[in-house]
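Some structures are shown below for you to check.
Two complexes are shown next, each including subunit A; its partner changes from subunit B in the first to subunit C in the second.
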Partner chain A sequence: MEKLMNQLSENILDKFSMDYLRNQVLKNAYGNDDTVIAGLDPRILIAWYLFFGLVPWFVNDLSFLLGSFLLVMITTLLARVAGLVLFLFGLGVFSQTGYLFLVTLLFGGDASAVAPLLILTLKVATISLASVTVFSGLDPDKLSNGLMWYGCPERLSFSISYAYRMLPMLMEEFQNVLLSYRLRGNPPAHDTFSGKVRYLIYQVKIIMESFYPLMLNTAKRSRTTVEALELRGYRYAAVNKTVKKIRLSALKVTYNDLLFLAISVLWVALCLLCSTLF
Partner chain B sequence: MNAVEMKGLTYTYPGASQPILKDITLEITKGDFLAVVGNNGCGKSTLCKVLNGLIPHFITGDFQGEARVEGLNTLENDVSALAQKVGYVYQDFENQIVRPTVLDDASYACLNYAFPDYLERGREALRQCGLEGRDNAYIWQLSGGQTHLLALAGAVCLRPDVLILDEPIAQLDPMHADRIYDVLRELNEKQGKTIIVIEHHTEYIADYCRHVLLMKDGRVQWLLPTREALQRVEELEECNIFPPQVTQAAHRLKKAGVLPQDVPLPTTVEEGKKTFSSLTFRPAESVKPAASVGENAISFRNISLSYRSVKGEPRMIFDGLNLDIRKGEKVALIGSNGAGKSTLMKLMVGLLKPQSGSICLFGEPVTQKKAEDFSRQISLVYQNPEEMFIKDSIAGDISYAMRVWGVKDWQERTDALLERFRLQDLRDRDGRLMSGGQMRRASLAIGVALEPKVLLLDEPTANLDIATRREIMGVLEDMKDIIQTAVIATHDMQLVCQWAERIIVLSGGNVVADGSRDEIFSRADLSKLVGIRPPEIFTMAQALNPQALCYTIEEFTRQFQEAAAWKS
Partner chain C sequence: MNAMQKNTITQSQKLMIFVLTMSLYGLATLFTELIPKFQVGLVEFSIEYFLFIPLTLGMLFDPLSAALGAATGELVFSEIMLGQFGGLGELEKFLTVTIGVYIAGRLVKDPKNRVMVGIAAITGTAAQLLMGTIVDIAKVQFAVEDFEAVAGLPESVFATEGFAFLNDLLFSGIFFCLLPTLYLVPKLYGKIEPLLGMAPRTAQSAVAGLNPKSVVLCLIGFLCAVTAEMAATAGMSLIDWEAEWAESGTAMAMGMVAAAAVAVIAILVIKKNAERKVA
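Coming up: the complex of A and B.
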């Protein structure tokens, strides 16, 4: 039993290593570029998201919500979203509503609390999954092109794709700085309970202290990046309308996009029909 | 028309009291392949940034005189106009890549400058740089050498007439380095581009460049054809530039009167064959290094390790690796980029855990403990010194480990270390703001602060000029008594030959060769397999006499003499 516990705690630690996080970020951004969702036109997908990200807030109809939830669940599966994101989603939904149910039960409530809570949960879940589908199903470049088409400033869309380009590098750098602390540090013994607490405090402190070298190293790196961006015409492009046109000309609505829209519309219509029938 | 013309150029960085470029007048002909050499901080990079207009348009400062590139005055034209004439590849080229996929990055500049055929131009640039077929690869899937080629492609796509590269091969193994230079030669010969490299690997200058420009203290000393330039051995050495080993050897032999005074010094092995043809070889009494039979310092048993990959199967680095490193050994770990050298070092200090197998440090298993438990016995100096600076001053960084481990006389020891590594004057400076050589010395001081029994160095001489490199090697020699066992991962074969007693060659996660330098370098199959290459002087000696195994210039000059000298 003890062995199992040991293994479990080690596994959790292993899962949350920097390396794992970095891998998940990359996976989330670029690991699923061959899925059905990734192949869709970002403009269509953003419009689709506007519907499923907003409408559920204002509708209380159970069969509509249930239907929408099923649909976004399927799209999430189609988008092959990374494990960590799904875990965060689960945690998020629970922290929003799941605990309310537990508290209700604890204070003598009964199953009648389920119905209103279910509606709230469905709303939150649908909206979250729709976001997950769009933001992690599309790679950042397509997403930013889509946003640009809708008139978002070019700097925003550049920032999105650049952040994804930088994030893995930052995390690697952070990991190395943390490793420096580990290589040279002398953490408190952590056999006893109070030792464990001290060890935890020590680790949190180290993580906080690591930010200082991280920031400086990043600043040093970005000096080259800023110069290179200048040379490669980033500022020039920001004020040039033709560049935007060229960039957006790569966007094309295909048969698949229309099919995707048609299925979504049909499905929603079906759900609405159900709710009027029953 | 000349590609570059400068007249009376003087430039001072904002806030600096001294100009960094002083009264530079210079002409570079179209289609030249020029190497710019000079001491650290002599203004080489600054000169190149004048050419692409970053100075004075982006980095201000006091600018006097005139610079013209392809007829365009750099003062009158803005950076974007100049960028289409001059391509620039930085020394830290990975920071110059801003897009996630290969084709995307290669065509990025063309898109920004609104060329409708930007993708076609990007593809063409990739083709010219030998990255064909990797269009949709993500940049983190590329090796170090390929990343450099991509940075080059990003510059080539604008079809500039002039290409500037700052230390293009500092971090690359010889095979990748050759690749870069072959690409550059092709661009130079087939596309007629003018190529300017800042370079201190004179072997490459001798093989590829047409002219050499020597800078000293912000001034141009001379611009000469390569052969003539590399003959000026003393002048170059004064600026910490070391001519090819063949040239140095001939220079010494000439000085000693072994070679006639009127022969020109050879700069390549081919030329050396003729110059040295009058000499005969006498093998030195070989001193067999005593086979070390000491106990194991580190031992690996059946190690398997794989990295998570973004897509698909995890990437296997080691599969059943077995290796022993004994006490008192000086081990060099060599192999191409990505052969697993750094990973192996991280395993030794316990920063990475293998999926299976066991690692023992002085008989104690590493796998079950944390990295912290070993920090007094083994120490790792990273390839990138910046990542070792965790405090805001060098003195703080060096003393950190001693303080947290409660070393009593940590203050005295910090002072002693600062002195030994010549860092006393910089003690309160942040490590990141120092020069490359100073950073490297500081990272070494941090690494040896706890007086570990085993010291691991990852690429300690990358990016360093020869003088700093010598210094680093001197320090290693000095500290022999404290550090019993040392392991260095490196591409620097001169370092390997001068220092290492045992060489371990890694390839694809396996130890493909393990032995003394004679055993390693006399095997022709190895260099083909893993792209390692002996130092030039070794190749020279082999070309003269297949029995000759000379690893240093001293050995060469001792073993190759006039026939008459041997008789007496």
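Coming up: the complex of A and C.
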């Protein structure tokens, strides 16, 4: 038990290294501009995602699901997604269905529960990988332009662009606040088991408390941001059609996009053919 | 005149609240995505809900802006940035977080009243969790074929979801929503508002109080969240009908393959030609 607790607290503290997180997130956002997926038109990719993000939910045919899964796996590889994201994907799929399987066994289910759960897993995996391809593969500015073209609220595109730019700064600030709390604090001794529990509670408490200065700082910053936006006429520009047209004029559908769509359609048609044959 | 101005919030102040909640809650949810969860026995200790951030801000400022900001922050920072956007499921999360925070924010009349702050914090959390649980059960029921036929599966879904709800409410709800909110609201009250150029919220402020109109709005929002999941059932029957059509349509599928193959070849040829012209 003690070993387990030790491992757990170590694990959490290791993962919580801010630099590691920041690097992974930045790598994910800006690190892969030169891939095949990143070069595609965002509108085409979003339309592609709408198909692979919705249709698998409604289809129970195994060969179709397997085919779609293979396709999105290839596109994910093409997009060169950061390792952390893939790890989270694996964890997410397992926690959604693997856990359910274990509990099913507990309630007297047997191996017959595997087949429907396998289909459920395939569905979940296909949908998540499709989203990983589109949302990690595209860089944020392209993504928000694509969403805007489809008539998503301006707030959402603004939030995406803002989030990607502000996040490194916010993380650094949070780290600084956290470190200053640690410097001034006196953590409880953690040799015994109860000491370890107290240590964990202490760490969590510090994280909670460091949100107090962070909230005040962020309040100041968001006022500055909004005032700067207002000076440039942001709220007027957000609803103005001419501004939107100028912003979106950079989007262009090329032969590569059409080729990507056509290959996907070909693959899906092949899968459908297989499912009607067998 | 002066008092009137103090009680109303301008459009740009709403945007400030939106940006503030979005960045803070987004940052927090990003951490929760990255920190591994761990289990002791059946109890799952996850630092799942940093919900205290939007709860606190929703009680101190305009609840609707804070609620929308929190939901958007979660969507953008932890789902889209990490590439975990899950389609329909995100709509449900977006709406339940918005409604939970909004309810909590509207319940508090006077942020100085600690009892009311506590009740509102736990009510908002419980509302959000309960809606999530209902939608989760519905989702598994519609996604798995022959749900009732698999032995042990229905009971296990109800048991795991019900247990997760209680666990989240009693563990995350109290430690990560109730206590931090009780600590932060009185501490921030009167300090954070001037930074956004506003007067602190009082019992007389325009936004306080939960009226029938907002309750109806919340109900409509929840119905939307459920409808998003119900679309799955409707979609099921649609595909069944399509599958019947497809059975007799091997030729049809062959035609589709041929058409798609022709399209791929045509695009390749056109692309080659276009490149030659440029070169």
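General observations
Everything that follows uses one rule, which is that the second predicted complex is superposed on the first by the 248 of 278 C-alpha atoms of A that agree within 3 Å, B and C clash if a C-alpha of one lies under 4 Å from a C-alpha of the other, contacts with A are read in each partner's own complex, and residues count from 1 in each chain.
One rule holds in what follows: a residue touches a chain if its C-beta (ideal position, glycine included) is under 8 Å from a C-beta of that chain, and two chains touch if they have at least 3 such contacts.
The shown structure was predicted, so the numbers you read here are calculated from the model rather than taken from an experiment.
With subunit A as the common reference for superposition, the partners subunit B and subunit C occupy compatible, non-clashing space. By the touch criterion defined above, A:F94 reaches neither subunit B nor subunit C. By the touch criterion stated above, A:L106 is placed in contact with subunit C alone, subunit B being left untouched.
In the overlay built on the shared chain, the residue A:R165 is in contact with subunit B alone; subunit C does not reach it.
Look at A:L156: by the touch rule set out above, it reaches subunit C but stays clear of subunit B. Between the C-alpha centres of subunit B and subunit C, as viewed from that of subunit A after superposition on chain A, lies an angle of 100 degrees, to the nearest 10.
When the two complexes are overlaid on their common chain A, residue A:F51 makes contact with neither subunit B nor subunit C. In the superposition on chain A, contact is made by A:T225 with both subunit B and subunit C.
Residue contacts after overlaying the shared chain place A:Y199 against neither subunit B nor subunit C. Of the two partner chains placed around the shared chain by superposition, subunit C is the only one that A:M215 touches, whereas subunit B remains out of contact. When the two complexes are superposed, the chain touching more residues of subunit A, out of subunit B and subunit C, is C.
Once the two complexes are laid over each other on the shared chain, residue contacts for A:V243 go to subunit B alone; subunit C is not touched. This overlay, made by fitting chain A, leaves subunit B and subunit C with a least C-alpha separation of 7 Å.
Shared interface residues of subunit A, touching subunit B in one complex and subunit C in the other, are 29, 140, 162, 164, 209, 212, 216, 220, 222, 225, 227, 229-230, 235. Contact residues on subunit B toward subunit A in their complex (touch as defined above): 52, 54, 58, 79-80, 83, 88, 90, 92, 95-100, 104, 108-109, 111-114, 116, 118, 138-140, 154, 307-311, 349, 351, 370-372, 375, 379-380, 382, 384, 386-390, 392, 400-401, 404-406, 430, 432, 446, 449-450. Residues of subunit A touching subunit B in their complex: 19-20, 23, 26-27, 29-31, 139-141, 161-162, 164-165, 168, 173, 176-177, 179-187, 209-210, 212-213, 216-217, 220-222, 224-225, 227-237, 240, 242-243, 246-247. The residues of subunit C lying in touch with subunit A in their complex are 11-12, 15-16, 18-20, 22-24, 26-28, 30-31, 33-38, 47, 52-53, 56-57, 72-73, 76-77, 79-88, 140, 143-146, 150-153, 155-157, 159-160, 175-176, 179-180, 183-184, 187-188, 191-192, 195-197, 232, 235-236, 238-239, 243, 246-247, 249-250, 253-254, 256-257, 259-261, 263-264, 267-268, 270-271, 274. Taken in their complex, subunit A has these residues touching subunit C: 8, 11-12, 15-16, 21, 25, 28-29, 53-54, 57-61, 81, 84-85, 88-89, 91-92, 95, 99-100, 103-110, 112-113, 116-117, 119-120, 123, 127-128, 131-137, 140, 143, 155-156, 159-160, 162-164, 166-167, 170-171, 174, 204, 208-209, 211-212, 214-216, 218-220, 222-223, 225-227, 229-230, 235, 255-256, 258-259, 262-263, 265-266, 269-270, 272-273, 275-277.
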